[in-house]
Structures are given as structure tokens and as C-alpha cells.
């Protein structure tokens, strides 16, 4: 199924994403931030669909919105946020931070304007129908080693998280 | 155990609010308006996460001063008041009171009255256990047994209603015997009930006894040792589930229990599951007793000779019976007048409730509900 | 206007860059560790967006496979990060990142 | 004009779902149909649950509103809509307001890919099952939001419990699903599919439902899913989040009126959604019994009669009960109402006998019948089981179902590999 009304959806979704992103970094209440982030992630999943990447979109919804963000919300509810909400929200180095970010933004702008014509005019054709199968072939063929390393990383992360969070082991 | 109790008395209820995770202790309040506390019991729980460190019961929300009322009523007039203590086992309460006063008066109820008393009291034991089973299962999440037990309890209440006109607070017995002769067809109806009820116990057991979830929820939950039981004065099925073969019907036979052949079911582990099994077995034993009593119901008078105005000689008497919930004792001091000088009740629920703390320590919050259920308390009796 | 309506790879890249910047600003300026971690998630997502956009551009799937790896990585990072946060909160009763100064005596 | 007509007609001759064919008109029609059908199903489920549970518990259940309480759900709905919508003073307004909608959206969106028949689905996605699991996992967010925004202890604990529970059981559920998906790849090309329609077609092509595949591996996977889906929907015996005796009502304690009814709607549609997954993955989806074995035209005819006969049976039940109604003037309205309901059901049944209709309706009928079986199971569980304790629930999820799921997955993969090897020799 070819994407319909691409420009409309692109601008709609990118608007949602940017507003969500801004809300994430400006809200006082971490729960609101987390919810804004979830909206951003879901919009991004839709953008993946527009980019012929349905599997990545599905993984994004399941893992990010359904998994990681629930973890975030859990932790926010466990740590008491009342005190931190009454305190100063931005740290003392916010001016250098903003300057550094602006510089980075300038760099991006420069790269994009200078390198505008290195991208091909039209995207190369891509079959969507067996996207999942193709990704599976890649993951279990070419990227087998990386895949195993990733699983090892997850194992380490699980153990690390348990060790960190458990009161008494 | 003593230091356990002293630590409980130091329970600091004024703990300032701490962050959720950091707090080693969390004090929460359960009740008095909580669906699982069987009335107006208030439990203050000291928690570490979900683990119970200790708890304190706050009682008295249903206090009506039954004992004090007794000092201002004649012996006959006080009789209906005792029904209002353990209102799900009103007949047992009445039996205990009547027998105590009879002991004080030195009269004995005639054999026929004794037989009818045994029948009605054992029916009452079944009714009380049924109510316990239904609400206990409901607390643990099984809703169906409640309706089954209420359906079957209804048959017992019908017998009561036909016998004395009341269903719950029956006031079935009088000092010295019975007021009413049994109605026509009483024996047949009781027999019918027994035939009806025997398969029903199997039905309850089928729903619960081997149910994995039920076993997991009740095994090793609220365990209490025999020593602790005795030290705390716990009686009744709770004591018997811990392995102590103590039943006043056998140990100090009253009424004419010594004429009947029955067994005292006991458990081994003293956990909630054993208490459940013991009570189920007790229902079967009650059926056995009633069967014998109905089969050998003697003819004769139903009332002993008691004076219209009772003036027992000055003195004191303690008499206790095996109520469905444990030892129900009455201590009456007479000063020779028409009114008792002092009435004191030893309510099984009140004494058994003391064990709640011991049974709940180290368990989870969800278990507290199971344990309150398994103790089978009636707040009317705890608070009196 | 024409270039606005014809969505090319560059559009996605600009969006990704904007998200990345938002994430960087969040990481550099906020005090609350939870929000800093969320900003890191924003950054990782911006990277993912670029990867998938490039994957679309070249018609291959390597970018998408890499995006999946990045998501895995993000999950691991979030789990460990939040674990550290809880341990930290338990000790200092704060979630402010500029109070993590145990090494700076 | 004719073009539009053709556009609308095109679906009837198409072998694709309207969404996959890009037919927006029919997509819209299907969305409306699914939405309406789901609402009716939830209403019916509400009545059936109360009735069936009541009869299990030697009660009658609702009897007053309409004959045999048939109008009770409607009365309840009106009551809920008219109730005051209370928001706690200290609640987080926006999140409190949004949370029920998130839950409902998550529950309803899953139905986009549910295949009621080879062409009866809103759309057929390449990542169908992944989409379904993903979107249904979003309802956790709504629950957490509701619990947190209520700013009260019981809802917060309830929300934490139910979200922990849902996240844990999703793992076991995913493993069971993967082992079923693995079975779809047992064809000559060796490629499986995640598409819901593709999964059912794979079962048709392989000639057996996946529950019987590699006996008992398919059955075990199905069992894992069947347990996990009860936990996933927070129903008895895993209804700790709503344990009345412990937490009053869990995450929706502070909700009332319309918004509470949204949670109710979401719970029941989530139940239907997960049952649909189970039916699609293991019980052959829309396939009628023995589609390969009894496949001559006589059997086709016999099985096509089932929908109509079922409705006629319902109608007969209505008439029988109308006859049993007390013959008292006060009951006249109820008797007529019940008989009228029977007439409506009977008419529907008769319409379903028309070949053109029954051919199209058949798939939907078989699918719904299988889902209805699961719905009955849900009610049955509620009537029979006590409630698990939280630590037992977690232990069951992580220490029983998860290893079991892993084992089944590995075994399925090995057996499938072996079969593939034999195939190529």
C-alpha cells in the first residue's frame, strides 16, 4: 500500500514530533514529559510507516511506547517527584548548554545546505511486502554476530539493572 | 514472643511521611470501612513494601456494652441479648448462657430439651461455618462459594424460623429447657436437610480443596504453632488446626454430647489451608451428631422446674461451651438478687483476634485478608 | 513551495536534526535525571529516523536493521540508567543530576 | 457516477481486504461496522456475563429491566451517562481526562487487523500480529496514566500492579505467538508471515489448526497464550488490580460515569481482541471445521446452514421462554417483548439462509463463534477461581510461563527445521 498524501502526513507528524520533543524538555512534571515523549515516539512510528519500514514501526511501538516508556513511568512513580517539582528545573550551566546546542544546530544547517545535492533526487524503489522477511534474513544472516552481541548487551543490562535497583540482593 | 509484643506496643503511628522507596516502614490503615475486614475492624499495618512487619487491631466500633446491660436485666431478660454478640451463631450463644444460669441455679434441662439443643446448636455450627466459608472464599477471590453456602444456609434458617419464628437472633432456648415443643415434622425436616447437605459439602470441597490457586493462597499462610495458640488462648478450629486435640464437647462434655459418637478433626501445620480443612471436617462431624440426635430424640418434658422469678444463691459460676468459633465462656456472679451482679463473656472471636499479629508477621498484605477471613471473627462478638 | 510539497530524504534529515537538537538541549540544561534520560531517548530516536530515512533512500534494509539495534541499545540504556537512578535516589533522596557529585568532594 | 459505483462495487469482487486494496469507501464502511459490532458485542457480553455468572451461582441475575433483563445493559448505560462526572480536586486534570480515551483507543485500534474473513478485515498489514500486540500493549499507558492522575493511593497501587502484570505477561505471550508464527513458515518456500490473514491461510494450506500442529507443542503454546491473555486483560483469576477485597477497584477507583464506562468498554473489547488473536493464531480464524477434510459441495452446504440455524435456535429459545412467562397481565409487555425479540432473531436467521448472504457471512460467523467460546471461558474462570496473590502471579509469569514458552519455541524451531530438512531431501 503506497503512502497517500505524503506531504500532509509528513508535516502533521513532524509537527507532532517537534511539539512533543519541546514538551519533553520543558515540562516541570516528569510524567507529562514522559507522555509527550510517548506521543513523539508514536508519531515517529507513523513516519517509519511512511518510509516503508513497517517492521521498525512495529518494534518502535512495542518496545519503545509499550516497554521502555512504561519503565520510565514506573520509575517516575516510584521516586517521589513532589520535591523536585518545586525546585529549580534547569541546571546552572544552561547558558553554555544552549550555546553548544546552537552551535551544533548551526553545524547541521551548514551540512544540510552545503550537502543538499549529494542526495539522489528520487528514492530508490523498495519492496514493502516482504519487509519483515527481508529484515529477518539480514538479522540472522549478515548481522548474526551483531545480533548475538545485542542479546548479550541486553543480558548485561538486565543484570545491571537488577543489581542497581534491588535493595537487598 | 514477649519481645514481639513489646515491639508492637512501640508501633510508631506518627511516622513522618517518607518517600515511597526509601521508607523501610510504611504504616497503612485498613478499615474500619474496608470490604475485607468483616465489619468494622480497623487494622493498622506496618509494612516493608508488601511485607507485614506488624499490625495492631483497633476494635470497639461496635461496642454496645452487652456485659453492662446484663447487670441491669433479670436472668431471663438478658437471655436475648447474648444472641446479638455472635449473631451468626446466636443459638450457641444462647446455649452457653442458658447452661451457665442452669449451673448457677442447679437445675438440669430434661433429656428431650438437651437433644433438641444439640440439634439446633450443631445446625448453627454448620450455618456459622458456611458463612465463614463463603466470606473467606470471597476475600480470596472466589465468588461462587458464597452463593452456594448462602443457598444451603437458607435451609437451616428455615428450620429455625419454623421452630421459633426468628432466623438470625433466634433466642431458641430458655433457662431450664425450651419454650416450644418441636413442630410437627421437625425430625423429618432435619433429616431431609442432612440428606440435602451431605453432597453439598462435597460440592464446596470440589470447588476449593484441590483448586491450585486456593491451595497456593492458603497453604503456609498465617501459620501459627500450637504453643503460640495456647499462649494466646486461641481456641476452636484455629487451635485444632495447629494439632491440639481440644474440643470442649469432648474435654468437658456439656449438654449431652457425651452420648454422641463423633471425632475431633485436627490439622498439622496450623496454616490457613488446615483451618479450612478442619472446618470442613467439622461440618461433616456436625452432620453425624445431628443424625444421631434426631434418630434418638427422646419423648418427655421440655422444661425443667425453674422458678418464675430466678433468684440464684449468691456465688459465681464459669461455664464454657464449644461455639463454632472456639471456647465461648460465661462468668456470672450472683448476689442473690434477680439480676446478676456481674456478667462476663469470654468471646472466642476476641481472643482469637489476638493471634492475628502473630499469624500475619512476615506475610504479604494480601495474606492479611486471608488470615482475617480464616480467623472467622464476628465483630459483634469482639466488641460486644 | 514545490520543494516543500515533495518530501525528500532531506526533509527527514532536517526533522531528525531538530529532534537531535532538542535532545541535546534537554541533556545539557535539565536537572531532573529522568528528563535527561528521556532526552537521551530523543537523541537515539533522531538517529533512528536518519537511519531509516537513509535506508529508504538507498532502497536497502541495512539502515532498518541498524535502527533495530539502536532500539535494543536504548532499551538496555534505559534499564540500566533507571536502575542507577533508583539506587541514587535511595541514597540521596533527590533526582537532580547536579547533585551527583560524590566524586567531586 | 458510474465510476463511483464501480469503486464501491469493486470490493465485492475483490479477493483482498478493502484496506489492502486501497478502497477507502469500504474501509470506512468496515470501520463503522466493526465499531458498531464491537459495541453490540460488549453490550451483549455485559448481559451474558451477568446472566451466566448468576446461573453458575444459583441466582437469576438481572430480571427486571426487560424480559430476562435483556434491557439491563441499556439501562446501565443510561445510568452511567447521566451520572455526575467527578474529578478529584487534586487530580491531574488533563491526564485524568485523557487516560480512558487512551485505553479505549488502544483496545479499538487493534481491530484494524483482525481478520473476520479472508476479505472481511479493515486492512491486512504485513506486520499484523506485531501491530496488534504493540497497540494492545499501549493500554498499559492508559492504565498507568489513570492510576497516577487520580492522585490517590488505591488507584496508584492498582495501576502499578496491573501494569507490572501486563508487561510481565506480554513476554510469555510474545514467545507463544512467535512459536505459532514459526509454524507459518512450514511451506515450500520456507518463509512465514506476520499478517493475520496470512496466518490463517497458512493453517488452511497446511491442513490443520496450529493448536494441533506438532502435538503437543502447538497445544502448549496455545495454553501459554490462553493463560497470558487472561492476565493481560486483568480478569479473574488475575484481577489483582481490581481486587475488591484489597484495593477497592484498582486504577479506576476515582472514575465515575461516562469515563468509567469507557474503561469498562475497553476491558471487554480488549478481551475480544486477545481472544481474536488466539483464534487467529491457533484455532484457524474464520475457517469452518474440517475445511480440507469435508470439502465437497454437500458439506459446504451443510456448514453454510450453521449461521441461520444458530439464530433460529436463539429465536426458539426466546419463544420457549416467552411461553414460560407468568400468565399475568403485568407480564404481558415482557412476554410480547421477548417474543418480538425472538421474531427479530428468527428473521435474521432466515435472512442468513439466503445463499448469497450466507456465503459472505459464514466466515464472520465461525470467527465470532470461536471468539464467543473464549468469552464463555472468561466468565467461567471468574465463576470458578480464587484470586492469585501478586507474588504468585509474578512467579507464574516469569518462572513458569516464560521458561515454558522458551522451551516450546526452541522445540518448535527444531522440529520445524527437521521437517524442512526432510522436505529438501
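For reference, chains read A, B, C and D in written order, and residue numbers begin at 1 within each chain.
Following the convention adopted for this analysis, contacts are C-beta pairs under 8 Å (C-beta built on N, C-alpha and C of every residue); 3 or more make two chains touch, one makes a residue touch a chain.
Bear in mind the structure is a predicted one, so any value in this text is a computation, not a measurement.
With centres computed from Cα atoms alone, the innermost chain of the structure is D. Here the chain pair with the top count of touching C-beta pairs is A-C. Seen from the C-alpha centroid of chain A, the farthest chain centroid is that of B.
Each chain gets one centre point, the mean of its Cα atoms, and the points for chain B and chain D are 46 Å apart. If you average the CA atoms of chain A and of chain C, the two centres end up 6 Å from each other.
Distance between chain centres (mean CA atoms), chain A to chain D: 31 Å. Between the CA-based centres of chain C and chain D the separation comes to 36 Å, rounded to the whole angstrom. Within chain C, contacts with two or more other chains are made by residues 86, 89-90, 93.
Contact with two or more other chains is made by no residue of chain D. Residue positions of chain B with contacts to 2 or more other chains are 19, 21. Here chain A touches chain D in the complex through residues 1-2, 29, 31-32, 35, 38, 54-55, 57-59, 61-62, 65-67, 69-70, 73-74, 77, 128-133, going by the rule given at the top. Those residues of chain C whose C-beta lies close enough to touch chain A in the complex are 4-15, 17-26, 28-32, 34-35, 37-39, 41-42, 45, 48-49, 52-53, 55-59, 61-62, 64-65, 67-69, 71-80, 82-87, 89-90, 93-98.
Residues 28, 35-36, 50, 137-144, 146-148, 151, 207-208, 211, 213-214, 216-217, 364-367, 369 of chain B are the ones that touch chain D when the two sit in their complex. Those residues of chain D that touch chain A in the complex are listed here as 19-20, 22, 92, 95, 123, 125-127, 130-131, 133-135, 137-138, 140-141, 144-145, 148, 156, 160, 163-164, 167, 170, 191-194.
Per the touch definition, chain A reaches chain C in the complex via residues 6-7, 10, 14, 17-18, 21-22, 24-25, 27, 30, 33-34, 37, 40-41, 44, 47-48, 51-53, 55-56, 59-60, 63-64, 67-68, 71-72, 75-76, 78-79, 81, 83-84, 87-94, 96-98, 100-101, 104-105, 108, 112, 116, 119-121, 123-126, 131, 134-135, 138-139, 143, 146, 150, 153-154, 156-158, 160-165, 167.
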